[in-house]
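Below: a set of structures, written as structure tokens.
Note that subunit A is present in both complexes that follow, paired respectively with subunit B and with subunit C.
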Partner chain A sequence: MKKYVVDKLAQYVIVLAIVSVIIFVMVRLNPTDPVSVIVGGKQTTAETVANIRAEFNLDKTYFEQYLIWIKGIFQGDFGTSFQYRQNVTSLIMKRLPVTVGLVLLSSVIALVLSVPLGIITALKQNTPLDTGLSVIQLILVACPPFLTSILMILLITIFTPGVSFTGSFTNFNEYMQRILYPSIALAFSMIALTSRVTKTSMIEQLNSNYTLVAKSKGLSMRQRVLNHCLKNSLIPVITIFGTQMGVLIVGTVLVENVFSLAGLGSILIDGVKSCDYPIVQGIVMLLVFVFITISMLLDMLYAVIDPRIRAKSGK
Partner chain B sequence: MDNSKKEKIKSFFTGPVIVSAVVLLLIILASVFAGIIAKYDPNEVDISNILSGPTMQHFLGTDKAGRDIFSRILFGGRMTLLSALGVILISVIIGVPVGIFSGYYGGWTDKMLMRISDIILAFPSLLLAFVFVSAFGRGIINAVVALGIVYVPMLAKLTRSLVMVEKNKVYVEASKSIGYSDLNIMFKQILPNCVSTLLVQLTLDIGYAILDLASMSFLGLGVQPPTSDWGAMLDEGRIVITISPLASLAPGMMIILTVVALNIFGDGVRAYLDPQQRKLPSLKKFKKLVGEEM
Partner chain C sequence: MSELINIKNLKVNLMSPRGIVHAVRDINLEIAQGQIHGLVGESGCGKSMTAKSIMRLHDEKKMLYGGEIIYEGNTDILTMKEKELEQIRGKDISMIFQDPMTTLNPLLRIGKQLDEMILQHEKVSKAEAKERSLKLLEKVGIFPAEQRYKQYPFELSGGMLQRVSIAMAIACNPKLLIADESTTALDVTVQAQILRLIKELQEQNGMSVLVITHNFGVIAEICDVVSVMYAEVIVEHGPVGEIFHNPKHPYTMDLIQSIPKSGERGGKLVTIPGTPPDLRRKIVGCAYAERCKYATDACRESAPQLESCGENHEFACKHKFA
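== the complex of A and B ==
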């Protein structure tokens, strides 16, 4: 187990380092001159241009700029945004609650709904209920999160006109109100996939030999499913949840766009459109970091759950 | 023999597969002949007639600039399908050779190529596409190239696993003993045996490409005005969603319809090729897991 953890951690650090280089180089491939983004079309003298270049470290070599960026990240400083002339870290911190709230709430909604749904469809195989739910799943998988959001807004405005669900918030109640609907919209595409995987792996477990033994010992269906099959069938679900995390993180960008929420997505897309490197590299790095960290933790989690995985890579 | 083959072909044409095939055919025909079917220029602005509901002249009504929604759906469909095909084409051109080399030679080549794939997979897919767009600028071509590259690792890993199974078979050994070159064995002997499985995956991938491209266009990073695809139409229509829902619902329904049809059709072909796989989840994200197991 110890070797497994060390191997995983080493891999994790290397991937993070390479990813940081890729992000750094990519955002600088754009031919737009950063100074023109900073001054925003105003007339400038050569002296101001030189001052700005010095202020934003643009007069240093790319290698030095990279080191400054990485050093800053370790100190919690993502540099200064070109457009807003503000520290990227404070911009991120201000918008983090929305993004984190969306990811957490939609994961919870998705898990709470999809696991029972998967179990039910596995138990009621080939009944009208199963067929009906499968059709809904098929449609949900094909439904991008922004479309679900638009439909949701349409439904809210039709059925409960006057409810405010977009814009800024001042207290916790309002905050929950703002992120509830987008989270539901975001959770929908997750539910389709996760419940499908739960169903497949549940059926596999139900048909396995140990379930047959449990049945012949006289355990009830309920005991077999909850005490025996559930734990085993959740391993693929954890995997799919880990890979889906990436989809979810990008999904917040789309959903907050529709609901006009002030999260990380809107300034990221804005930064991409206007070549604001510090914002783009900072936010992308942060999101990739979160994504890789979750994947790594999940890898370790199922090494804990399933000794076979540990044994395979521990040699 | 002849009869059993007929039976097998018959088993392919189940209800859902026929329906999805017909739907796909209609969508493809509609976008190919968009110029003939559409009564209006999709970009023709008519300020005197904005946001009209469905009328006799405008089958699906007009959008916020008075453009005919039905014509825009047709031309937008052409744009959407072409760009999705572009994404798949790019991922095939890079991904399949990478997978073949990786699987056939193994060892050092394999390790290096798979490490690169892992790095690309470390990014949530659309996020990497955003970074690409910030490097090379907005526009549909850049979005297509970006997504094409993002799709490479999945396809390369699938091809690799198929080749690793094939390369141990007798016909490969025979080809080697006759003295065929490695290139000949890889592309002329092994590849044809993998094509059917790859085609199924590509059918499903077109669906994902449509969804991802729609997301990019929706955010304004893909297709640029006045040209439009279904994703961009959704974005244009959402501001007026309460006044004229059709402006964004129509392209939305088209996206869902196309992707659902592609998924059903792909699943049908898969079931026909390999009845044992019928119960497996067919989704790309699950491929990653399966790819590692193989």
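== the complex of A and C ==
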């Protein structure tokens, strides 16, 4: 187990390092000169331009810029935004609760609904219930989160007019109200895929030899599913859930926009438009960091569930 | 001796997209109390199907049963409700399966899977269940029991896992133990050990055992009585000695002929030409006629019935071999 954890941690660090380089390069592939955005098209002297370049370290080589950026990250400083002239860290921190809330709440909703849904459709395989639920799943998987969001806003305003669900918030209750609907919209696309994977994997386990043995031991259907098949069928579900987290994080950017929530999404899009290197770098790095961390934790979870993985990687 | 299980005209039909498959055509089988009963036949002849029917283990959305399986002279297993079946499975009738590598849940400890069987059928505490599981492990020759109890299936060898399966199957002192090709996946020396273990346990508990195999060697080793199956019907049955030394049905004769003999080297292995009939087709006459060297027109016209020839010995063939 120890070796497994160490291996995974090493992989994790290497991936983060590579990703940071990729992000840094990609941001700079944009042909626009950030200085022109910073001065906002005003008449400027060569001296002012040089000053601005010096202020934002744009006069240094790319390699030096990269080192400054990485050094800053380790000190919790993502640099200064070109357009807001503010510290990126504090900008992110102010908007983080919305994005984190969205990701967490939508994944909880997705998990809580999709695993039981997968089990039910597996048990009721080829019945009208299964067919009906499969059609709904297909529709959900085909709907991008922003479309679901727009439809949801429509439905909410039609059926409960006057309820405020967008804009800023001042207390926890309001916060939950703000993030609930976008989370549901985000969760939908996740439920569809996760429940299908749960279903397939559960059917496979139900047809396995050990389940037949469990039946021959006199265990009821319920016991067979809950005590034997569930744990076995969750392994592929964890895999798919991990990759879906990435989709989810990207989805928050869109959904925040539709629900006009002050999350990371809106400043990220602004940042891309105005060539604001520190903002884009900082936020993308943070999202990638979260995504990779989740994947790593899920890898660890495999080992907790499956003794064979623990053994293979040495004690 | 009275019958524990009496199978009367059992039919099992499997609904497949390409039509009904007759997995078991018409089986009559009596399993006496305290006996080891062998059921032998080639692959796909319906042996396992028959065995699984005794515990109603088939997926009944796709299966249709016909006939009766009378348990202890009064209840028909085929008409039991699922709840009643759950009481019988594991407690009165239990089963050991073919591939020990896949019959245990890979994610649960050996001990937990053993305890589960005991806790399911008996009102005992977890500590008592553990106590009994450890004794069972020792009984089937797994040492050190305490350590194995905590291990996962992938940490044990095939032979050991099959021992664990046996321990699990006998945990609640069943009246009937069904061993469905239980030694097929194991190598020969382990096979012999497992067979000896089953025989020993049978002698201790006085339970009945139904041994399903395609291997006449296994039958010779432990069985008291044997039934020979061909194309989903029983063609001959009788005491093991009788069947070996005085077989009446040509199929039984051919099967015994084809057992490789030790000491004979270089000779060609005797085989039975041809293949068993298609299970989807309706069979007219004797199913073995196509492959039988004694077949006549009479054989192809109508099916022979089981006839008695001596004590407990019956066979279904129109020819009477002395």
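In this text, the second predicted complex is superposed on the first by the 309 of 315 C-alpha atoms of A that agree within 3 Å, B and C clash if a C-alpha of one lies under 4 Å from a C-alpha of the other, contacts with A are read in each partner's own complex, and residues count from 1 in each chain.
Here, a contact is a pair of C-beta atoms (placed from the backbone, for glycine too) under 8 Å apart; a residue touches a chain by one contact, two chains touch by 3 or more.
Model, not experiment: these values are computed from the prediction.
In the three-chain model built by superposing on subunit A, subunit B fits alongside subunit C with no clash. Using the contact criterion defined above for the overlaid structures, shared-chain residue A:151 touches subunit B, although it does not reach subunit C. Within the superposed three-chain model, A:305 lies in touch with subunit C and out of touch with subunit B [touch as defined at top].
In the superposed pair of complexes, A:39 makes contact with neither subunit B nor subunit C.
Remark: in the superposition on chain A the angle formed at subunit A by the CA centres of subunit B and subunit C amounts to 80 degrees, rounded in steps of 10. Within the superposed three-chain model, A:269 lies in touch with subunit B and out of touch with subunit C [touch as defined at top]. Partner contacting the larger number of subunit A residues, of subunit B and subunit C: B.
Once the two complexes are overlaid on the shared chain, A:216 sits against subunit C while remaining clear of subunit B.
Contacts of A:238 after superposition: neither subunit B nor subunit C is touched.
Once both structures are overlaid on their shared chain A, subunit B and subunit C have a minimum Cα-Cα separation of 12 Å. Within the complex, the subunit B residues that touch subunit A are 118-119, 122-127, 130-138, 207, 211, 214-215, 218-221, 234, 238, 241-242, 245, 248-249, 252, 255-256, 259-260, 263-264, 279-281, 283, 285-286, 288-289. Put simply, subunit A touches subunit C in their complex at residues 208-210, 212-220, 227-228, 231-232, 305-308, 311. Residues 55, 57, 82, 85-91, 94-95, 97, 99, 102-108, 116-117, 120-121, 152, 154-155, 165, 168 of subunit C are the ones that touch subunit A when the two sit in their complex. Within the complex, the subunit A residues that touch subunit B are 15, 18-19, 22-23, 26-30, 138-139, 141-144, 146-147, 150-151, 153-154, 157, 193, 196-197, 200, 203, 236, 239-240, 243-247, 249-250, 253-254, 257-258, 268-269, 271-273, 275, 280, 284, 287-288, 291-292.
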